[in-house]
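What follows is one structure encoded as structure tokens, with my remarks underneath.
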Amino acid sequence: MPILEASGVRKQFGGVVALDGAHLTLEPHEVHALVGSNGCGKSTLCKIIAGSLAADEGRLELDGREVSFAGPREAAAAGIGVFYQDLSLIPEMTVAENVYLGREPRGAGGLVDRVALRDATARALAQFRGVLGADVHAEARVADLSADQCQLIEVLKVLAADPRVVIFDEATAALDRNQVGAVFTRIRALKEQGRAVIFITHRMDEVFELADRVTVMRNGRTVLTAPIAATSRDALVQAMVGEAIAGAARDRRHEPAETVALEAQGLGSAKLDNVSFALRRGEILGLGGLHGQGQSDLLRALFGVLPIVRGTVRVDGHPLAPSGPRAAMRRSIAYVSGDRARFGVLAIRPIFENLVLSLLARERRWAVARKKLEGVITPFVERLKLKFSSLQAPVSELSGGNQQKVVIARWLAVVPSILLLDDPTKGIDIQTKQDLYATMDQLCSQGVSILLHSSDDEELLAVADRVLVFNGGRVVAELSGEQRTRVALYQAAYASARGAPAEVTAASP
Amino acid sequence: MNLALSTRRRPYLLALAVFLLLCVINTILQPSFLRFGVAASNVAAFLPMALVAIGQTYVVLASDIDLSAGTIVSLVNVVVVSIIDGMGGSGVSIALGFAVGLALGIAAGLFNGLCVAVLRFQPIVATFASGIVFAGIALWILPEAGKQVPPVVYEAYSGALLGVPTVVLILLAVIGFAQFVARSPFYYALRATGGNMQAAYQSGVPVARVRIGAYTISGLFSALAGLALVGETASGDPLIGGALTLSSVTAVVLGGTALKGCIGGVAGSILGAFILGLINNVIFFAQLPFEWQGLIQGLIILAALAGGVVMARGKNG
Amino acid sequence: MRARLYGVLRQPLSIAALAIVVLLAAGELLSPGFVSQRQLVTLLKVAALLGVVAAGQNLVILGGREGIDLSVGGMVSFTAFLAGNLMQQQDALLAQSVVLVLGVGLATGLLSGLGVTLLRIPPLVMTLGMLGVVQGGLVLLTRGVPSGRAAPALTRIVNEPLLLGVPGIVLIWALIGVALTLVLRRTTYGFNVYAIGTNEAAAALAGVPVRRTRALLYALSGFFAAVAGILLLGYTEYVFVGSGDQYMLPSIIAVVIGGTSLAGGSGGYVGTMAGAIVLVLLQSILTTLNIPPFGRQIVYGLTLLALMLLYGRQRTLRA
């Protein structure tokens, strides 16, 4: 009998349908991978199972009995543990306090037994001895830890509750090879004990290494469930995308010039280590590698949002010391963040305001001449094929893809010569992505230079003229021409972490 | 261990330093400062403020705020005095009055907690509104300062037990209570709620219950302050708690507790309250011209508030 | 269609307008003659004073990051006193007194703004501290004894009907209303204010000068408090100690009633103006009912809580 069964789950957020009849079945002794492109609904489904979201429709059964959770507490009490993608740690509290939050060992008089708490935490930390780092101990403050350390602490927190069903939502995003291995060991141990694990990851290798069965979701529905042995990478990708994978050859019209638009020498900062490269005019230079290896940090540093400690940057031959977005804007540099909710859109404000914000900043006008501005932005709106009901409607009404288009249009309107794109297509539908690629191509043929960071490896390899592979804050490989293959990318990306760069071979995928 | 690290582990360290400095200055200006009787009367004067600040601390730790604290003090003050006076000042009336006062504080706190955690009103406006209501009720019960309580009440308050001043005993008892609470699962849940409410909720922390609990404790401590004022002034005054609300917030911030929640604690707030009182003393004994006192005090407090915030931030930037 | 109508009716501005109508009707019922021109004009004058203070409060709240200005009441008292002592009942000194006092308001507000933006002190704390300084400064200047008197021209402008029987103060308020709404909706600065109030990080990345924008909000709050102080002086002719203190918390309530979210980023001044009128009406009805001060207070507070039920509620943690 399955431990957990979710069927016919529906969930809507305002106008957006996140789940449209999704199913999932979990057997004991099983690691069940859940995959799908961004926005397919896998995180939403898991949040409903975990009790932190309420389904609009659908049925949830635990051990054959129907259950309905009023909140995370009830789900936790029923034995469901969740690793949240955006973590659920309290930054100002210690590791011990976080791992055992709500489950602190009690002593005399019902008070928290601090010694027992510390010891239990030390024992938990020991599970990841060797991959956690010496600065992590029970009394360390979570805010002082790095992203990968925080992820491991979150794993410990989930396991500390001794759950029967564990959901890992992108639990390995910031982890290196060894850390991932340590987590997998723990997951296999859970499996042995008869528990069940739902494992969400964007790394295909992990799916095939760890999972027993896999479910693919697309557009809020479950489209495929199969034992791992009975399926293949291509079959899964096909199920995710829903149509035959388009050939790698793309209609490309731009040709990078020889002149250098932006040049970096020996850049160093908190997350970057001796990064040097030259971005040519009209070129799309891709930043690849595993998530969080410095790609975002480089872009933000170039835009003046993160400090640069060492090294130099030159734009068109002149030195650039980016002190902030406004200074970067004056040098004709634009930045688009992939995290549009946090860094992109002003959700409750009208589309018009969102579109003209940077234009107003650049123009240094104090009055808003509505008609005139509308005239300026309309061409860009059309170019991006941005559709909306009215300019006065709040941006939150738009789909994720269209919201991203608004942010891009905002910057296109100031006609930048260097465009920094920080994972702009995350969580966006295929059609919008195609529109964006076409726009990027157009821009390049007009002489705009683009630095593109993408967590979608296929996209990066297909769109970029050259790809810089990041690992541990350093550029460990540069792929161009025939070398732009996934094998080469992964080889470089997974290169001995914090070690020497890997040899890149031009082997076929 | 560098300074930033120590300040983070024990956010009240800076307040402690300032407190000691003020004690020194105070002693220089008023040599009798350290004498037993003077010290005791200082504690008696600072105690109500410290009590309100302690209650406010729990609310602030949960990232909320209680702008009705001072009005609860007034309300309890007049209710207690009215009961005692109305029942003829007997021992029973005193006991009953005190009990009702405490219950009233708890009820007021519960009301605040329900508005904020269940009805999900914004804390600033909700507690301001409830504060207006409490102040109004206080005025209704006792339109003008007056009524008397039997001498035994203020004699007990300003007196001593086994050589230890009553006010000091009260303070020690309250500190003991705070220490107890600081080791309770509730306190961990409280800080988690203030640190990251969404994460706390996802982790299974009963966030609503915790917030209601914090407001209830705040109401209780405001009530205690109201009782202390009965002991100190021996009469009732519907406006007595007026300035205490904002002063309690000042004391909390001075003590190193962050308004955004999670960081800080009761120790700092007690020190903060005493710092405010000592600043008052220092200005008085420095014999600055009367008209300058308010401004100087305001400037010192502003500097201290700014300094406290900047230092507490430290490395986080 | 019905859904849209329902949506419009639920807007804070509609509710405020409805409240005004209901309160006027209630006032007339409870005390016939309530809705007379004289009464209404007096109400508008008092509402204007509150409304001008609320303008500054509105701005800092719109700017987000828990913006609030607790020093406005003290500033009104301070500037009223300062103006009275500068013009000393002389028309000749009126113009320069006004300019000087407005400058003082602007500068004081700017100090708060710098504390909030450069030192990143929470606005609640910063303006609270500023309040103490301003009140201390007032004591220093007055030595506890209020003095100063409005220039006759000021008193005339404020109190007497200038246009269509409407007193100058109300006209000035209306002008401020138009100007502020234009600034918020038709200028780059206004767009920037809404941007930083909605999502400061995104606004910064889009090139909005966040710190400058926010510091100016506080400077403007001080400026409007000064305007209110001068108008208050004109209204009462003599200076009374602490006459401005009563405006602080109602200014916040007026802003909330008017539909501006305390989180920032949404709302406008027209709603706040309606909110000010609602509050003044409520106060007036309670006075008319001969309810003693404590009763008025209780009703005041309960009404506010009731209004919060309508549109002051925050998001649930569970969607």
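Per-chain residue numbering starts at 1, and chain names A, B and C are given in the order in which the chains are listed.
We adopt the following convention: a contact is a pair of C-beta atoms (placed from the backbone, for glycine too) under 8 Å apart; a residue touches a chain by one contact, two chains touch by 3 or more.
Predicted model, so just to flag it, every value in this text is computed and none were measured.
Looking only at C-beta pairs that count as contacts, which pair of chains has more of them, A-B or B-C?
Here the pair linked by more C-beta pairs in contact is B-C.
Which chain has its C-alpha centroid farthest away from the centroid of chain C?
Using the mean of the C-alpha atoms as each chain's centre, the farthest one from chain C is A.
Can you check how far apart chain A and chain B are, centre to centre, with Cα atoms defining each centre and the answer in Å?
So the centroids are 46 Å from each other.
Roughly how far is chain B from chain C, going centre to centre by Cα mean, in whole Å?
From the centre of chain B to the centre of chain C is 30 Å.
Quick one: which residues in chain C touch 2 or more of the other chains?
318
Residues of chain B touching 2+ other chains?
198, 201
Mind pulling the residue numbers of chain A that touch at least two other chains?
52, 71
Flag every residue of chain C that touches chain B in the complex, lowest number first.
My answer: residues 68, 70, 115, 119-122, 124-126, 128-140, 143-144, 249, 252-253, 256, 262, 292-298, 300-302, 304-305, 308-309, 312-318.
Under the stated contact criterion, what part of chain A meets chain B in this complex?
Of all residues in chain A, those touching chain B are 50, 52, 71-73, 76, 82, 84, 87-93, 97, 101-102, 104, 106, 110-112, 114, 141, 143, 157.
Could you list, by residue number, the parts of chain C that touch chain A in their complex?
That would be residues 185-192, 194-195, 198-199, 201-209, 265-266, 318-319 of chain C.
Tell me, which parts of chain B touch chain A in their complex?
Touch residues, chain B against chain A: 8, 180, 183-185, 188-189, 191-192, 195-196, 198-206, 262-263, 316.
For the complex, which residues does chain A have touching chain C?
Its residues touching chain C are 13, 52-54, 71, 303, 305, 324-326, 329, 335, 337, 342-349, 353, 356-358, 360-363, 365-368, 370, 410.
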